[in-house]
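The same subunit A turns up in both complexes below, where it pairs with subunit B and then with subunit C.
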Partner chain A sequence: MLKKLWAQLLGTRIGRSVFRVGLPASNLQRAQVAISSFLLHMQPAKVHQRTLKFSTTLGLGLITLYLFFILIITGVLLMFYYVPSTDLAYQSMKDLEFVVTAGMVLRNMHRWAAHLMVIFVMLHMCRVFYTGAYKQPREFNWVIGVILFILTLALSFTGYLLPWDQLAFWAITVGSSIAGYAPIVGEKIKFILLGGHTVGQAALLRFYVLHVVLLPGAALVLIGIHLWRVRKDGGLARPGEPAFTQEELPATALPTTKSYGLMELAHGTTPAVGVEPDDEVFTWPNLIFREILVFMLVVVLLLVLAIFWNAPLEEFANPVHPPNPAKAPWYFLGLQELVSYSALWGGVIVPALIVVALVALPYLDRRRAGIGVWFSRERKVALSIFSICLVTMIVLTIIGSVFRGPNWSFQVPWKPNIVAEER
Partner chain B sequence: MNSMSGANSNRRDFFQLVLGWGAALFAFCASLAGAARFMIPNVLYEPNQRCKLLKPEEYEEGATFIAESRLFLVRKGNTFRAVSGVCTHLGCTVLRNSKGNGFHCPCHGSQFNENAVVTGGPAPRPLPWYLVELSRDGRLVVNAAHVVAADKYLVV
Partner chain C sequence: MASSELRKLYPWFIVAGLAVGGLVILAFYKDQFREWKEWQHAYIKQEMARATNEAQRAAAALIPVEIKQIVLPDVGRIDRCTTCHLAVDDASYSGFKQPLAYHPNHAQHPFEKFACTICHQGQGLAATREAAHGHVEHWERPMLPMKYIEASCAKCHLASDISGAPKLAKGRALFDEIGCIGCHKLKGSGGVIGPELDGVGARRSPEWLAKHFRTPAAVTPGSAMPPIKVTDEEIDALTLYMLSLTEERLDAYYTSMQVLPGPEAGQRLFLEKGCIGCHSLGGQGGKVGPALEGLKGRRDATWIAAHFRNPQATTPGTMMPKFDFTEAQIRALTEFLLTKTEPGAVNLLKFPAQMTPIERGKAVFKKYGCAGCHGRDAMSGVPNPNAKTAQQVPGLKFVSEGYNKAELRKRILGGQKEINKLNPKGPQPPLYMPAWGGKISEGELDDLVEYLMSLLPKTEKTDF
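This part shows the complex of A and B:
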């Protein structure tokens, strides 16, 4: 019934002007749907069957993308009420929680989606590493992914300050002081980031502009390039895919008239090169259906989180009274644990090494072994090094999160240390 | 350009490189520098570095926390000193020790003795001591822009 109505609507002159193809009935139309739609043409008309298998990617990148979209939508809605001023920011948070209809749910969704996005970006990176999917010709897309990872952390960190409560104020005070430890330029960077010496009105406004315009804009552009390159680099990595070749076509080989088609110019690895047509299925409806399903699951999960768990809001920011202990956001607690031994190591050297190692990874690990295979036995060394670093960071993060009590003293989570308030 | 004779083409290449690309590069760098300088504020709306306190006799023996300037005024008999309350590690506000003979930071557990020298924890430097003066109307003035040695007192 609904399908019939929809088909009728698409059959009208207006419907055809918008959708061109309508609901596809033949394979030709299934291809046309993917090619002629702006949103759908991000995907090829046909994809390899492996792409549809859940175990290939676990849907991690897709979930990250959906979380980003949800963050933009909820974030723009929150902007209608939020005022980036030290006097009014906290009031607007209270308004959102108690006065604005659905304000609480939207803020919760934004908060939990932000945390989830950080988690899923990390999981996505682990998936790409453990399936060897960053190897040639996908090296540069991995680098873009690393930049997107940093942007995600920056987005989350700048958003952390905006509620202007104790949690926000001290997390940013601690976090931005870490930047001050960078040699030579550290103090200058901190000063420009905060627009002053301490976290105040200038810092709040700067973080706000970064959070709502600059960083999301940069992320959006890079996400576009990231997805585009997935296609251009031959779709998802799979074992036995044809080796990457960059054929240089001599200029004389081109026809002298402009009547040649694009296929005469495009060479190299494309999803269709060297594959039996039998291994491929139409994107519509196979892939589209699964993508919509994942989207619905993500929205349901977020709604459940947002309805049953409220985002934290502590008391109004108080620059003279840090909470004991004062902790950075959870994804920086591994670094903060290191910072409690040495600020230079934890705040500058280790994070710089992590970023440099991640960027250099696909250019150092050039063996074409284990592409598209989970935990390939041919990659024992690479897998071990990555896993050791990963486990170390996770252990440090857990220690920083739950094993550190007042005065950053060691405690066991089920028996927290209690220190009397002083002053 | 391939139809040009050698010398002519070289000169043209040279001008194209130096004037064309040079001008483009200069314009780009100048815009970038201007934008970068724009981000450095010329006026800071932050609390005054000089902070006027009460009269000396109004302060008790030992360290008193001055909240608005985040510093401690330390009285010992008729001598006065002022020390920063901002931890040199990551900028948290330090607390007095329960024994009253030093400071500690609640964020990462840095310890400072009564002269604000680091005795434990990750803090890289001692807390700075500030110049304490007496104003004309007999009130204490702390100048946070002026760091002094730990053994410099104001004797009243």
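This part shows the complex of A and C:
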């Protein structure tokens, strides 16, 4: 019945003008749906069977993308209420909580989606590593992914300051002072970031502009390229995919007596061309439906979080009264833990090493073993090194988050060291 | 024509679709039922019930259900308390149960200038009972209990001037009398043994302060402060005075009321401005201007006020200079001159010049908070564990037997940081004699020594 109505709507002149292809009835139309739609053409008309299997990617990249979209939508709505001034920012939070219709749910969704996005970006990176999916020809897409990872952290970090409460103020004060530990340029970087030597009105405005314009704009462009490259690099990595070749046809090899279609001029072959057509299925409806389902589940998860758990908001920011201990946002707590041993190591060397190692990874690890396979036995060394680094970072983060009490002293979470006086 | 595999996902679509729809409805449903709406409906119901004619009923039915707020741009405050407390300015609601009760006595503090949280504290921006009253995590200024409400008066008024805040005045007087200033610094003057008290009202809760006065060590382990032995009522007054020390001062309109027109403020101004240099009261003072005794019989309030505004206007050719008094100050001086200059009342006034050195010395003793450790009237000191002097700060009754004047002066100026221990192996006694050199003036020191030397009762004087 509903389907009939839909088909009728698509049959009208207006319907045809919006959707070029109606509900597809043939394979040709199924291909056309993907090709002729702006939103869907990012994906090929047909994908490999493997792509549909949940265990191939666990949907991690897709979930990250959805979280990003949800963040943009909720973020734009929040911008209608938020004033980036040290006098009014905190009041905006109170207005959202007490006056704005569904304002608290909106802020909660944005907050929880932001934390989830950081987590899912990290999980997505782990998935790509553990399935060896960054190897040729996907090296550069991995590099773009690393940049997107850093952008995600920067987005979360800049957003962290905006409520202008104690939590925001001191997390950013601690976080930005980690940046200040770099020799020679550290103080300069911190100054440029904060627009001064301490967190104040200038810092709030800078973080706001970064958070709502520059960083999301950059992320959007890079996400576009990232997805484009996934398709152009032959879809998802899979075992036994043909090696990437880039034979260039010399210009002299082409007869000059003929005019050419673009297809004939494209050089090289991408792995998807001409192989295994039988293992492929149409993107519509097989992939699209699954993607929509994942989106719905993400929305359900976020709504549950946002309805039942409120985003934190502490006292109005007080520059002369630091909490003890003052902690950076959770994803920097591993570094802050390291800083407590050595500012140079935690603030400069380790973060620099992490970024350099991640960017260099696909160019160092060039063996074509274990592509598209989870925890391939052929990659024991690479897997071990990565896992050890990962576990170390997780352990440091957990120590920094829950095992550190006043004055950064060691404590067990169920028996905190209290020095905070009763008021 | 979907594959059978895809069909297996259909139940998931239905479940997820219902979940999304249900959760969105739940979110908006929760949003629609806000606490304050119930109170507004209760108010409208009340108004409907009171309506005596059709027109009133129609007006009551039209009362909108909406957030209400009072915006105070001068002080950057927005108070939404009236969202629930809808009848604060409607006297016909007096005696009603909260939140629909009338707020009496607000004629001098109109809501549009003061709203609610300036006096009551709490979280003006909030619109739920718990959060608005401020008894929630991460809100530092919950509502002041009513017994401490006078603490807020000090945000605009001088604590000593307010006849409407007797508890605050009492707390302040007690603070001076007990000699807290001997150990604690306040507004730049005072001792160094205890912490400074500026802003203490913003740092501490009423419960903490009251507990602290009774047994300081219970809330501050190792505190040198002796328990304050006063009545519960006096503890409340002291707590209230501490709560008034917030360093929060309101600008513009609000400071204009710093000096409240009243005879007490007038008396203080009279002394401060040195009026006694030209005029005399009770036979004391200058002879340049007319004596002020019995002024009430000679002049009325209008004349006196006009005289302060411009002396030449009322008395051409007078030598009296024009002081730049505010209107409030003029009113205060006028009230003082009309009430305290009666022939019988002038004796209440005592000017330093009229006092004996011993009387002045007693005032110095009070000013520097010596009583805080040596006891009121200097007779017996407070506990000082492990001090050789019977584990107490010594009383000063017999000071003239142990010191001559020069020695005593040296002792006051130099202090004694190391107090002799009772048990040499025990801990250092927490209280010690601070050095007052550089703080006390030469004249004050002379008077103080005179006072201390006078403490020994004549009958007990022994000659060796």
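The criterion applied here is as follows: the second predicted complex is superposed on the first by the 405 of 423 C-alpha atoms of A that agree within 3 Å, B and C clash if a C-alpha of one lies under 4 Å from a C-alpha of the other, contacts with A are read in each partner's own complex, and residues count from 1 in each chain.
Here, a contact is a pair of C-beta atoms (placed from the backbone, for glycine too) under 8 Å apart; a residue touches a chain by one contact, two chains touch by 3 or more.
None of the values given here were measured: they were computed from a predicted structure.
Of the two partner chains placed around the shared chain by superposition, subunit B is the only one that A:Phe191 touches, whereas subunit C remains out of contact.
Legend: residue contacts after superposition of the two complexes on their common chain; A:Ser177 is shown touching subunit B, with no touch to subunit C. Of the two partner chains placed around the shared chain by superposition, subunit C is the only one that A:Thr101 touches, whereas subunit B remains out of contact. By the touch criterion defined above, A:Pro285 lies against subunit C but remains apart from subunit B after alignment on the C-alpha atoms of chain A.
Once the two complexes are laid over each other on the shared chain, residue contacts for A:Val339 go to subunit B alone; subunit C is not touched. By the document's definition of touching, of the two partners only subunit C reaches A:Met296; subunit B does not. Where the contact sets of subunit A with subunit B and with subunit C meet, they give residues 422-423. Those residues of subunit A that touch subunit B in the shared complex are 170, 173-174, 176-178, 191-192, 195-198, 200-202, 319-326, 336, 339-343, 406-409, 420, 422-423. Note for the complex: subunit A touches subunit C at residues 25, 87, 91, 94-95, 97-99, 101-102, 104-105, 165-166, 285-286, 289-290, 292-293, 296-297, 299-300, 303-304, 306-307, 313-315, 421-423.
Contact residues of subunit B toward subunit A in the complex are 39-41, 44-46, 65, 67-68, 70, 85, 89-93, 95-96, 98, 104-109, 121-122, 124. Looking at the complex, you find that subunit C touches subunit A at residues 1-3, 5-6, 9, 12-13, 16-17, 19-20, 23-24, 26-28, 30-31, 67, 76, 78, 80, 123, 125-128, 131, 138-140, 203-205, 208, 219-220.
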